[in-house]
Amino acid sequence: MARVVVDVMLKPEILDPQGKAVHGALPRLGFDGVTDVRQGKRFELELEGEISEERLAELRKAAETLLSNPVIEDYTVRVEQQ
Amino acid sequence: MARVVVDVMLKPEILDPQGKAVHGALPRLGFDGVTDVRQGKRFELELEGEISEERLAELRKAAETLLSNPVIEDYTVRVEQQ
Amino acid sequence: MTDQRQPATLDTVDHALDTPDAQQPWRDLGLKPDEYAQLREILARRPTSSELAMYSVMWSEHCSYKSSKVHLRQFGELVTDEMRACLMVGIGENAGVVDIGAGYAATFKVESHNHPSYVEPYQGAATGVGGIVRDILAMGARPVAVLDPLRFGSLDAPDTLRVMPGIVAGVGGYGNCLGLPNIGGEAVFDSTYAGNPLVNALCVGVMRHEQIHLAKASGEGNQVILYGASTGGDGIGGVSVLASETFADSGSSTSGPGKKRPSVQVGDPFMEKLLIECTLELFEADLVVGIQDLGGAGLSCATSELASAGDGGMHVWLDRVPLRDASLAPEEILMSESQERMMAVVQPAHVDAFMRVCRRWDVEATVIGEVTAVTDDEASRGGRLVIEWQGETIVDVPPRSVAHDGPVYERPFARPAWQDALQSDGAEKLPRPKSGAELRETLLQLAASPNLCDKSWITDQYDRYVQGNTVLSQPEDAGMVRVDADSGLGVAVATDCNGRFAKLDPYAGAQLALAESYRNVATSGARPLAVTDCLNFGSPEDPDVMWQFAEATRGLAEGCRELGVPVTGGNVSFYNQTGETPILPTPVVGVLGVIDQVARRTPLGFASEGQAIYLLGTTREELSGSEWAHVVHGHLGGTPPQVDFAAERALAATLAAAACDGLVEAAHDLSDGGLAQALVESCLRRGVGARVRLPEDLDPFVALFSESTARAIVAVPRSEESEFASRCAVISLPHAAIGETAGLGDGAVLEVQGQFRLPLAELREAWSATLPAAFGA
Amino acid sequence: MKVGVVTFPGSLDDVDARRAVTIAGGEAVAVWHGDEDLRGVDAVVLPGGFSYGDYLRCGAIARFAPVMTHVIDAANAGMPVLGICNGFQILCESHLLPGALIRNERRRFVCRDQRLRIENATTAWTSSFDPGAEVIIVLKNGEGGYVAKESALDRLEGEGRVVARYLGGNPNGSLHDIAGITNERGNVVGLMPHPEHAVDALFGPGVDGRAFFTSVLKTLATA
């Protein structure tokens, strides 16, 4: 059993309407000093068995083809052993 | 300058239609052995200056009131010094 | 099946017999001492924990209607032959069904999802839409449209900023994703709804007569199939328990009494869309004997209602239910309100075909039970429902006692001590605008007020075009969709309620809601046919509130008889109050009408210049409870406008006939804001101005702002004027020529001769800025 | 002429698209997402809706449906393909068109009658329009903001591949007010607004949408 976490964020040059909205709302709630907010997605995948290098490579491919759209997004994959 | 990352995930007992959809799509693309997928949100906040305990407490409050809905979601806040 | 959390001993029926004196948490589950006693008497033993769970949710206020039943009976009793004529399925099923001609039937119903929408506005509203759509689907119909009557706290209350955008996004998010056009609804702001927003959702469905399905488990040996989403631990006892207590007592999560699980569920509209298409294909292939949606009280409700309505018993293997969380105990599975599930009764020979259709739509389906024979003795006790868990019997009850023979309360009610004082404080004595300039200011102020302003900030978030049959949608008086592409047959629906009128006089208030909704449908050119209602009130344990409820139901039932339109179904929502303060009594009434040829519908906007504008009906000095008194003076007192059903009937008949014969180009009923607001909306709809002369026998202020009922304005082409006027004269319908349409585009003007001129551009600015200013452009 | 309309789980405007094809004089053919061939159609419409709930990203899961392999091959071979709204998103996810569609700038779903200018009247789906024509078509989307790299945008503009642009206010934050684009060959068009809801004046804002469907029939007839 292992957990793999994939984080997907919009590329820096792509407008992020949701992050912008959060950024705009923070000062209204009294939180100052935030210079930027970006909102992305976090996937937690639970896997059976061991994580081999090979499976990790497969997962990277899934992250690249399915979980993110490389035209607008960057991703990171990391294993959280349990 | 510091980056604070807030991860917001649906509570385990709450249905996650998005995670379910991804879970369903993975085998069709040839990725097997995944037993569960949960999809959440990841916020990256860029802050000016130092992160004091006090500011962190404030941020936790923002995470609880603005970034998540505690009725259905859990959150974690962590600092990534740069 | 792995059980991590299951108690050491399963509470089986045998165990219950062995341990008659075991302590049971009936109080935490919301049962009263006498209800628990009644339950022991029915079973002649103590209930098992699973039985206790079932009875407690099914006997909750939300599911059993225990406080309202004695009043709702009138809807079934006060029925005339005229009303019966169109009625195919009446009160008591998932939704009523009416005959709309040419072999088509329409089914429609409005339901509330108020409390969950306060806790989690987006998901609460979304699952509210999901729930009512499944009710309509369960009747055998294709859902074709939704409407959403909503109530929020004051526009300037901070919590409204959280609640309103979330609710609107939730209604849209779910309905849009299902592909159901949103064709109407309401958005009303009043301070009494702060902390208690109302989310009522109405769905309309259409089917051929022979496709009507009922929630019945009959035919020994028939299989009981649960299909759709798997069952999870969210929302255990949620809707039913949340909606059945004083809201303040019940925590939003695990803190309340009886450590409730999260009472809010997350909806999966995609799953529901698959469920709709899958179910319609099952109907089409004739694979379904009986069907029931899973809503409040989940499996407890579906199994007991199906078994209770059928001619046999039912045996269920509960451990076959597909779970999202393997640790759920049987009681929790029975109470879970997980969304997007349905239950069907299927002949054994059809099970394979049933499963094939489900697979095609990627819908999980599992045989979890079977219809069984019952002895005469069992039948006389209310049938027999047996539920088994891992080989042991955990439920063995007469299903009728669960589903239909719950407790009935005659709650005390009395006219509130403050009612007389309230009624004697009329708005007719308040200071009024006098000069033309003051009237102009008042009109602008009202047009920009939260309840009368442009609602497109909300309605632009709803898909009104999907399915390609929408003829009328917001901001028209009624929504209208085509039912049959060949003949042009269509249905129109409107919902209405003025809670201020209902507070001043709940009997009249309910009738005024009915009258307005009926009038709206007729104004669109359709013939009003039938009624659904959602009765939103405070706590039934408060005799004042109970009196409001009793008066409103009596008013509605008698009003329906007067107008000849039957109540086909509806919903009651109690405990809408913050602390001791209840919401305005809000009996929302939905009316469905039929139109033979949708191309003949009447839109509300003036469409061209030079047409005669007629004011139909009688204007009296009626200002109490009006939008003017509310907006300008913050005043609520007096008695509401007079109800005149004969006049409503005459007006409706004239408008429907005029539409059919092409005598009117536009029509708009008069309600909130009176003639002034009707003119504003008719002009702005398509940017056509108007020159109006107020009737000489009326004070100009009263003529513009009184809210007398049974009135409408129409735009009549010059060529049809004499025909139209003579038709009104024949039935003595008051009709005054009050001006003509004049001017196109932003240069056009609304002119009230001798009083003021108002450019449409200025008017539009005021009318459309309010919601964007509050909620963001 | 046979125009296929693909139904994915969660497609909503497939029936409307078929009706629009019929009104324009074509033969509409229902194609299922699981189909292993295109049923002999001459052109394909990927309709609007929420395929697979639009969970993950709009169009991301639909792009892997069995039928899409065939749609992609056919498009590359020159068959006219129109993606409307969710269909546009699927075309971008399939890399038949450049760029992507993101959450509306105002973060709300928007449904309205939208004015557009037809910028390119030479594609398979717009040849019946006059160049520069102004039309009104229904717009309804939650994630309709068109984005692409600066260089990709420059290329689209330079090659005249912007098919339609929003007029009277950008409804969703699309870069360059882009409402629709085409591929180099002009056979694949992605469009955020819904022409299938503007083919009968009783049920939409007018009949300006018809020309998209008559265009493809004309294109096929002269091919």
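A, B, C and D label the chains in the order they appear, each numbered from 1.
Following the convention adopted for this analysis, contacts are C-beta pairs under 8 Å (C-beta built on N, C-alpha and C of every residue); 3 or more make two chains touch, one makes a residue touch a chain.
Predicted model, so just to flag it, every value in this text is computed and none were measured.
Asker: Determine which of the two chain pairs, C-D or B-C, is joined by the larger number of C-beta pairs in contact.
Answerer: C-D
Asker: Suppose each chain is reduced to the average of its Cα coordinates; what separation in Å results between chain B and chain C?
Answerer: Spacing between the chain centres: roughly 36 Å.
Asker: Centre to centre, by mean C-alpha position, how many angstrom separate chain A and chain B?
Answerer: 9
Asker: Chain A to chain D: how many Å between their CA centres?
Answerer: 29
Asker: Which positions in chain B touch two or more other chains at once?
Answerer: Correct list: 17, 20-22, 25, 29, 39.
Asker: Which chain C residues reach two or more other chains?
Answerer: Answer for chain C, listing residues that touch two or more other chains: 268, 270-271, 362.
Asker: Would you pick out the residues of chain D that each touch at least 2 other chains?
Answerer: Only 52-53, 55-56, 61, 64, 106 qualify.
Asker: Edges wherever two chains touch, nodes for the chains themselves; is that graph a line, a ring, a star, complete, or other here?
Answerer: Contact map by chain: other.
Asker: Okay, in this complex, where on chain A does chain B touch?
Answerer: So the residues of chain A in touch with chain B come to 7-9, 19, 22, 25-26, 29-31, 33-49, 55, 58-59, 62, 65-67.
Asker: Can you list the residues on chain D that touch chain B in the complex?
Answerer: 52-53, 55-56, 61, 64
Asker: Which residues, counting only chain D, touch chain C once they are in their complex?
Answerer: The contact residues of chain D facing chain C are 9-10, 12-13, 15-16, 19, 49-50, 52-55, 106, 108-112, 138, 140, 142, 194, 196-197, 200, 202-204.
Asker: Under the touch definition given earlier, write down the residues of chain C that touch chain D in their complex.
Answerer: 169, 172-173, 176-179, 268-271, 273-274, 361-362, 459-471, 482, 598-599, 776-777
Asker: With touch defined as at the start, can you tell me which chain B residues reach chain D in the complex?
Answerer: 17-18, 20-22, 25, 28-29, 39
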